[in-house]
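Shared between the two complexes below is chain A, which has chain B as its partner in the first and chain C in the second.
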Partner chain A sequence: MPRPETSGTPTSSAAGTRLDPWLGTYAERTQGMRASEIRALFAVANRPEVVSLAGGMPFLDGLPLDQLSQVAASVVAQRGLQALQYGSGQGDEQLREQILEVMALEMIAAHPDDVVVTTGSQQALDLVTRVFIDPGDVVVAEAPSYVGALGVFRAYQADVVHVAIDEHGLVPAALEETLASLAAAGRRTKFLYTVPNFHNPAGVSLALERRPQVLEIARRYGVLVLEDNPYGLLGFDRDPWPALRSYDDDGVIYLGSFSKTFAPGYRIGWAVAPHAVREKLVLASESAILCPSNASQIAISSYLATCDWRSQIKSYRELYRERRDAMIGALSEHLPEATWTVPDGGFYTWVRLPEGLDARDMLPRAVTARVAYVPGTAFYYDGSGSDHMRLSFCYPTPERIREGVRRLAGVVTGERELVELFGTAGAESDDEVASPAPDLP
Partner chain B sequence: MITSASSPSAAAAALPVDGAPGRTPRVAVLAGGLSHERDVSLRSGRRVAEALRSAGVEVSVHDVDADLIAALTDLQPDLVWPVLHGASGEDGSVRDVVQLLGLRLLGTGPRASRVAWSKSIAKTVVSRAGLVTPEFVTLPQSLFRELGPARILSSIVDRLGLPVVVKPSRGGSALGVSVVRSASELARAMVECFSYADTALIERAVSGVEVAVSVVDLGDGPVALPPVEIVTDGPYDYDARYHPGRVEYFAPARLSEATRAEVERVALVAHHALGLTRLSRSDLIVDTDGVAHFLEVNVSPGMTETSLLPQAAEAAGHNLGTLYRSLVEASLAASPVGLEPAPAS
Partner chain C sequence: MPRPETSGTPTSSAAGTRLDPWLGTYAERTQGMRASEIRALFAVANRPEVVSLAGGMPFLDGLPLDQLSQVAASVVAQRGLQALQYGSGQGDEQLREQILEVMALEMIAAHPDDVVVTTGSQQALDLVTRVFIDPGDVVVAEAPSYVGALGVFRAYQADVVHVAIDEHGLVPAALEETLASLAAAGRRTKFLYTVPNFHNPAGVSLALERRPQVLEIARRYGVLVLEDNPYGLLGFDRDPWPALRSYDDDGVIYLGSFSKTFAPGYRIGWAVAPHAVREKLVLASESAILCPSNASQIAISSYLATCDWRSQIKSYRELYRERRDAMIGALSEHLPEATWTVPDGGFYTWVRLPEGLDARDMLPRAVTARVAYVPGTAFYYDGSGSDHMRLSFCYPTPERIREGVRRLAGVVTGERELVELFGTAGAESDDEVASPAPDLP
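Now for the complex of A and B:
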C-alpha cells in the first residue's frame, strides 16, 4: 500500500523488521512454502469433537498392544546394545530378509542386498527424487497423486505432469500420449510416479492387464517407474496383485512401508531398486540420516519374527472393509448427488462433489460443522481438483463415519445454496502441496 | 490440560493474592478451542504461559473442551486468562462460563467481548464515540437468499464504490477476508466470506498506512503502546501474519508526532467506548490525509512470535514476562467477578 505523507516530523525512522534475520539466505526452493489457512483448519480437525475423514492414520487400536509391549521390552533387554547404537546405512540385514517375505506376497523376488531400509517410505521418495531430479526435470504422475509425493517433487523443483486415471488406474493410452508429447517437446521425463494399489487418494487399482502395458510404455520411452505401494496388502476381497516390480527388475523402483499395515510410529519403509540405483540411494541416505533407526528396525524385525503378522493384516483387511462399507453406505444415503469411487482396499474414497461446488472453499464450513476431509486441490501439482475431496475411512469407527458423512451432507447443502445464490465457484486455488498438513499421509 | 503447572522461578518474587502476601498466584491460560483460529491460539497461549513462568507466575494451560470446567473447578486458579481467538473465545461465551464458575478473568468481560467481537457493532459504537470508520454494510447470508443477490451486490458497489473489503462480521486472522477491486469479484468474495461466517461485513477499502495499536492497563488506566506499522507487498493474509518474512513491521510506526498521538487516541477511545478491560488491540488505517480509520478491535490479541502486541510491548521497552505479570497483578488488584463495565452507548 502506498505510504502517505503525514504532517510533522516522523517519530521513528527505525528500520523495519521482517522478524527473520535470515530472509535473504533461504534457498529458492523454499519460495513455495506457505502457512495456508488450510493448515490452520486442520489444527481443529485433529480434535476429538471433529469427525476427521481427512487423515490416513491406520487404526492402531486393532494391534495386539500387549504383545507389542513385550516385543519392545525384549528389543532393549536382549539386543539393547545393537538397538540403541548406530547401524548400517542400508538397514538391518535380518529385517531386509524379512522384507523379502512381505514382498513375496506380491510376487516380488529380490535379494536382501536390493533392499534399502528408510525412515518411512516418505524418505525413500525423497531419496529417489534427490538422486534423479534436477530442477525442471519432469516427473509424470497420476492425476490425482499422493500429496506427500507432490511435496517432495516440489521441494526438488521438479515439473510434474499429470496423467489421467480411471476406475482401472493409470490409463495406458494417456500415458503414451503424455510421454510422446513430452519427448516431442524435448522434455526429459525422469520417472513415472504411481500408486498402483488402492490409490491415494483415488482408491482405485491398476488393472492386471494394464500393468505390463504401463511398463512396456515406460520402457519404450526410457522412463523409470517409481512404484509406491503402501496399501497393496490391504485388499478387502482379494489377495494382492503382482507388483509392477515383479514384472521388471531393472525398470522399477519399488517403495514399501510398514506404516499402513503395522505402525507408522516406527517410521520404517524401504526401497527395492536396481543395483546401481540402490548404491546411490544408500549413499544419499547415509548423507541424510546416517542410518535408519536401529531400535525401530529391530522392533519390527522382532514383531515379524514372533507375531502372526499375516493374521494381523487379515484382521485389518476385515476391519477396513467394514469401514469402507460404512462410508459407501453413508454416501449413498446422505450424498446421493455426489459420485465416488468404491475402493476394494486401502484407506480412501475419492468423491466428486455436485456440480459447481469447491471442496477447498467448503472446508471452513465443514470444520464449523465438526467434520473434516482433504480438498482435492492437495493432490494436483497445479492446485486443480477443487471439485473433489478425499475421504478416509481408516481411522473413525463405522458409527463415526456415518455421523461424519451426515454432517458433510449438511455442509454440502449449505455450500450448494451459497453457490446457487452467488453463481460462482472454483476460483484459482493456491498450491497446497508444498506444505501438507502433518496428518495427510 | 495441555501442559501441567510449572514451578515459578525461585528468583522471582511472589505476588500477593487476596490478602495473602507471599503466595504465588495460579493463572490458568485458556488456549486452543474449536474455532478456525485454534492453531494461532495454541501458539499464543504457549507464548503467554512461557513469559509468565519466566516472571515467576505459576501457570497451567488448558484447552477449551469437556474437561475444562472440571479442571478449573479443581484448580481454583486465582485468575483465568483466555488467550483464545475466534468464536467462543472472543465472543464472550467462554468468559461467561469462567465468571459463572466464580473465577476472575484477565481481560474484557463477556458482555463487552460480545460487542467488540461483532465488527459491525463495534464500528457503530466507536463511530458514535466520534471515531472515523470506513463506511460499511453488514449483510447475513439469509438476506441474499430472501432478496436475491444481484441487486444487493450492485447496490453495494453503487453505494460504497470500489475497492471494498469483504470480511466475516465475526472472525479473525484474516480468514475469509478478500479485497474486491472489480464488481465481478464481489460474488466470489461473498462465497469465501460465508464459508467462515453467516454474516458479512463489506466496507469501503481505505488506502494508507496499516497500523495496529495495542492498549494495556497495568492498573493506572489504559495506555497505548507504540503503534506498529504493517507493510506488505501482498495481502496481510493468514500466511503473511504467521509466517515471518512476507511482512515488514515498523515499531514504532513511521508516523509524525501528531499522527502517532492521533492513532493512540483512537485506540484508547475505542478501548473506552467498547468497555474493554486490561488489554486490546485496534487495527487502523491512516489515510493519505492523516486521518485514522478504525477497522476492528481484538479483545484477545494474538500473542505469537509474529503478533503485533508483543512487538509493540518490546518497542516500548517492556520485557514480555514482566508486562504480562503486571497485567496479572493489576487484574488481581482490580474488582472481581461481576463488575464488568458496560460499553458506552
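Now for the complex of A and C:
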C-alpha cells in the first residue's frame, strides 16, 4: 500500500488545503477528532473589540508578580539542579504534602502517597479515563458537563450517559434510575464524572445533603466517582463544603488544580485516588510524560511556602463575586426573557434562551455583534443543549461584562424577530462535541 | 455489581497490601501496566553509595544557574500575565520559531506551523501513538529500542516487531524483509520508530548513506517514519548529520527535546509533522493536557534568546565525550571478556556479556556490589536481550564511572565462576517490558 506521492516544500506545508497522505492510517479513536467550527469563530472572538463571555481564563492581573518573580528566581538559584532535572513520576513529595493542606480546606484527610501530580487536572482526567475505559464503556456525567472532560471521554471511545441536574446539582433519583437502567441493559458503567462545586457550565453546587446520597448510590452499583473540583475554594458567600472524597476514601478519585486558585501557566493539577488506582495512574503518567515538570512543581511549592496563598484565594473570591454580580445584574436588566442560574462561586452562569432560539445558530451573529459565548451543545455528548449558552464572568471587567450582555441582548432581540417572522432563526445544529480548546477550560 | 466493602483510613491507604476494590474495572490496556521488579531495585540503586550506570539523567552542574535564575525572574516580572496564563494548545509561536533554528543544525527546513510543543518528547511519543495505533497494529522498531517508547506502544496495545541493527544503525535489508513479510501476512504496520542518532540504548547512529534507503523502503510500504532525536546535537567528534525529516517532509514525524541539550526540568519537547497529522496531534494534546506550560515555554524561549545555547551544547559534548572515554577505557581494562559499542555521541554504550551470563539475573548481585545498569530485556518487546546491558555515562563523574565498571567486572567474574560450576548463574528471565521510569529516559 504505497502512499500517494505528494510534493512538499517546507513553506507549503503550512497550507491547510493539501491532501492528507496518511488519511487511511489513523486509529479509530482519531476519526472523531476534529476542530469544531466553533473554534474558528473563537479565533475571531479573541479580537480585542469582541467581549468574550466564552473563555474560562482566570483573571491574573491581581497576582503579586514582583513577589512571584523572586520566587521563580530563587527556585533556580537555590534549587536549580533539582528544578531543572527529571523528577518523580508521582510528583514532588514536598508539593504533595502541601496539597494536603489545600485539600484540608475541603475536609479531605489523605496521605502524600495518595496524591499524583499531573500536567493540569486535564491530564488527570486523561489518565483516569485511560486506566478505566475500554471502547464502549459507559461514563455517567451531569447534563450538561465540562466540555474538556467530554472530549477526553470521546478520545477513549466511551459512551457518555447524561444525568439530570437541578439548582442543587446532580439529582439522586435520576442517578439511581440511570444506573439501574444501565445495569439492567448489561452496560459496563465505569465511573460517574461530576463537578460538585460551582459547576462548569451550570454554575450550581451539589447540595450538602445530596453528597452522601450520591456516594451511596454509586457504591451500590459498583461505580467509581470521579470528583473534578477546580472551583471548590472559590465560593463567594460561604466556606468550602466537604468534598465527596472526604466521605469516601475508596470510592472516589478526586481531581484538584492550581489553575483557578493560583494560576494555570505552570500546568499543575493533581489526583487523589485509592491506593491501587493511584499506582496505575503513576504508571500511566510515566508512559505519557515521564514526569511532571520539577520547575513548575517547585515554583508552586515555593509559592505555597512563602506567599499568603489563602489571601490570594480570598481576593479571587471577591473579584469573581463582583463580576458575578455584574453579570446577573446585566442579565436581569437586558435579557429578562431568558432564565439563568445564579452561581455562588466559580466562573459561569448557564443561560436558557427564550423559546425557539438556538444558541449555536446564533453564535456567528453574536460574534458579528462583538460578543462571544459557548453554545450549550458543547456540554452534551448527544448534541442537545442548543437552547442554552454558557456565559463566563471570570475574565472581563464588570464594565465589559455589562457591555457584553447588552450586545447579547441586541442579538437575542434580532433572533426573536426572525423567529416570529419565519418560525426559525437558522439551520438546525448537528450533533458535535467540540474538542476542548485551551481557552475553554 | 456492588464493590466489596473495604475499610480505609487516610493513613492506612498508603499501605500497598490492601485489596483493590476496583480490580475488575480497569481497561484492557491497564492489565499490562505494572511496576517492574527492576524498578524496586533501582530504588536501592539511587542510594549514594551505588554507582548508577543505569539512569539517563543529564549532568546539569555546569549550567549557569545565576543567569538562568535571572531568566526565570524576568519571565515572571516582564511577561508574567502570559507566562502564568493558559496558552495555545500547539505551543508558543515564538518558541516554535526558535525551535526551527535548533532544527536547522540538522538541516531541517520547516514552518512554525509544522511544530507542536509537548510536555517533553515523551508526550509527543504518546500523542503520535494515540493518533495512529489501534490495538493489534504493528510498530516496527529497532532491536533494541528505547524503553519509554516501548512502554507507550504497549499502553496503546500495539504489537512491536523489532528489526536488526548493526554498528551503522538500522539495517535496510532487514527493514525491507520485515515490512515485506508483515505486508504478506496482512498486518497493518503504522510506523517505523527509530532513534537514528546516538541510539538509546545501542549507542550507534544510522549511517548517512542508509538514511535515504530507509526512507525509500518506508515510503514504498506506505509506512510513516517516527524519528526520535533527543541526542542528535550531542556528537563528540562531528557536527550533526541531516535528520531523516530533512529528506522527507511528508513521510516523517520528527521528535525533538530540550531535555538533553539544555535541561529536562521544564519538560519541553516537540514534534514536527505533516500538516494534517500536526492538526491531529494538537487536538490530541488539547484533550490530554489542554496546553503545554506557558511558564516553561517562555523560560526556554528566553534562555534561547538571551543565553549562548550553542556554547552550552558544545560544553555538554565535551563533558560527555570525557565520560565516554572513561567508560570505554574502563571496559577495556576491566571487562575485556565482554564486547560493547563505542558511541560517538549521546549517553549510552550497549554491552554484550560473556557467553552464558544473564544481565537481568545478575542485577540484584550487581546492586549488592554497589553498581547498577539496565538489563537488555528492558529494550525488547519480546523479552529477549538478556545477554546485553545498557551502561550510561551521562551522569556519574569519570572517576565514578571507572569505579562502577571495576565493581561490575567483579560481579561478572563471580557470575562466570557460577556458570562454570553450575552451567547457569540463576533463574531464567520472564518476558516483561518495564514501564519507563523517569530516571530511565
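By definition in this document, the second predicted complex is superposed on the first by the 415 of 441 C-alpha atoms of A that agree within 3 Å, B and C clash if a C-alpha of one lies under 4 Å from a C-alpha of the other, contacts with A are read in each partner's own complex, and residues count from 1 in each chain.
Note that a contact is a pair of C-beta atoms (placed from the backbone, for glycine too) under 8 Å apart; a residue touches a chain by one contact, two chains touch by 3 or more.
For clarity, every value in this text was computed on a predicted model and none was experimentally measured.
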First, second, both or neither for A:Ala43, with chain B first and chain C second: first
Touching partner for A:Val152 - first (chain B), second (chain C), both, neither: second
Larger contact residue set on chain A - chain B or chain C: C
First (chain B), second (chain C), both or neither touched by A:Gly136: neither
Partner chain in contact with A:Val419 - chain B first, chain C second, else both or neither: first
First, second, both or neither for A:Met362, with chain B first and chain C second: first
Partner chain(s) touched by A:Asp20 [first = chain B, second = chain C, both, neither]: both
Intersection of chain A interface sets (partners chain B, chain C): 1-3, 6, 8-11, 13-14, 16, 18, 20, 23, 34-35
Chain A to chain B touching residues, read off their complex: 1-14, 16-20, 23, 34-37, 39-41, 43-44, 47-50, 361-365, 367-368, 370, 415, 417-419, 421-425, 427
Contact footprint of chain A on chain B as seen in their complex: 34-40, 42, 65, 141, 144-145, 149, 173, 175-176, 187-188, 190-192, 194-196, 207-210, 226, 229, 231-232, 237-239, 242-260, 286-290, 305-306
Touching residues (chain side chain C, partner chain A) in the complex: 1-3, 6, 8-11, 13-16, 18, 20-23, 25-30, 33-35, 57-58, 60-61, 63, 65-66, 68-77, 80-89, 109-111, 113-114, 119-120, 122-123, 126, 130-134, 137, 148, 151-152, 155-156, 183, 190, 219-222, 224, 249-251, 259, 263-267, 274-277, 279-280, 283-284, 286-296, 299, 435-439, 441
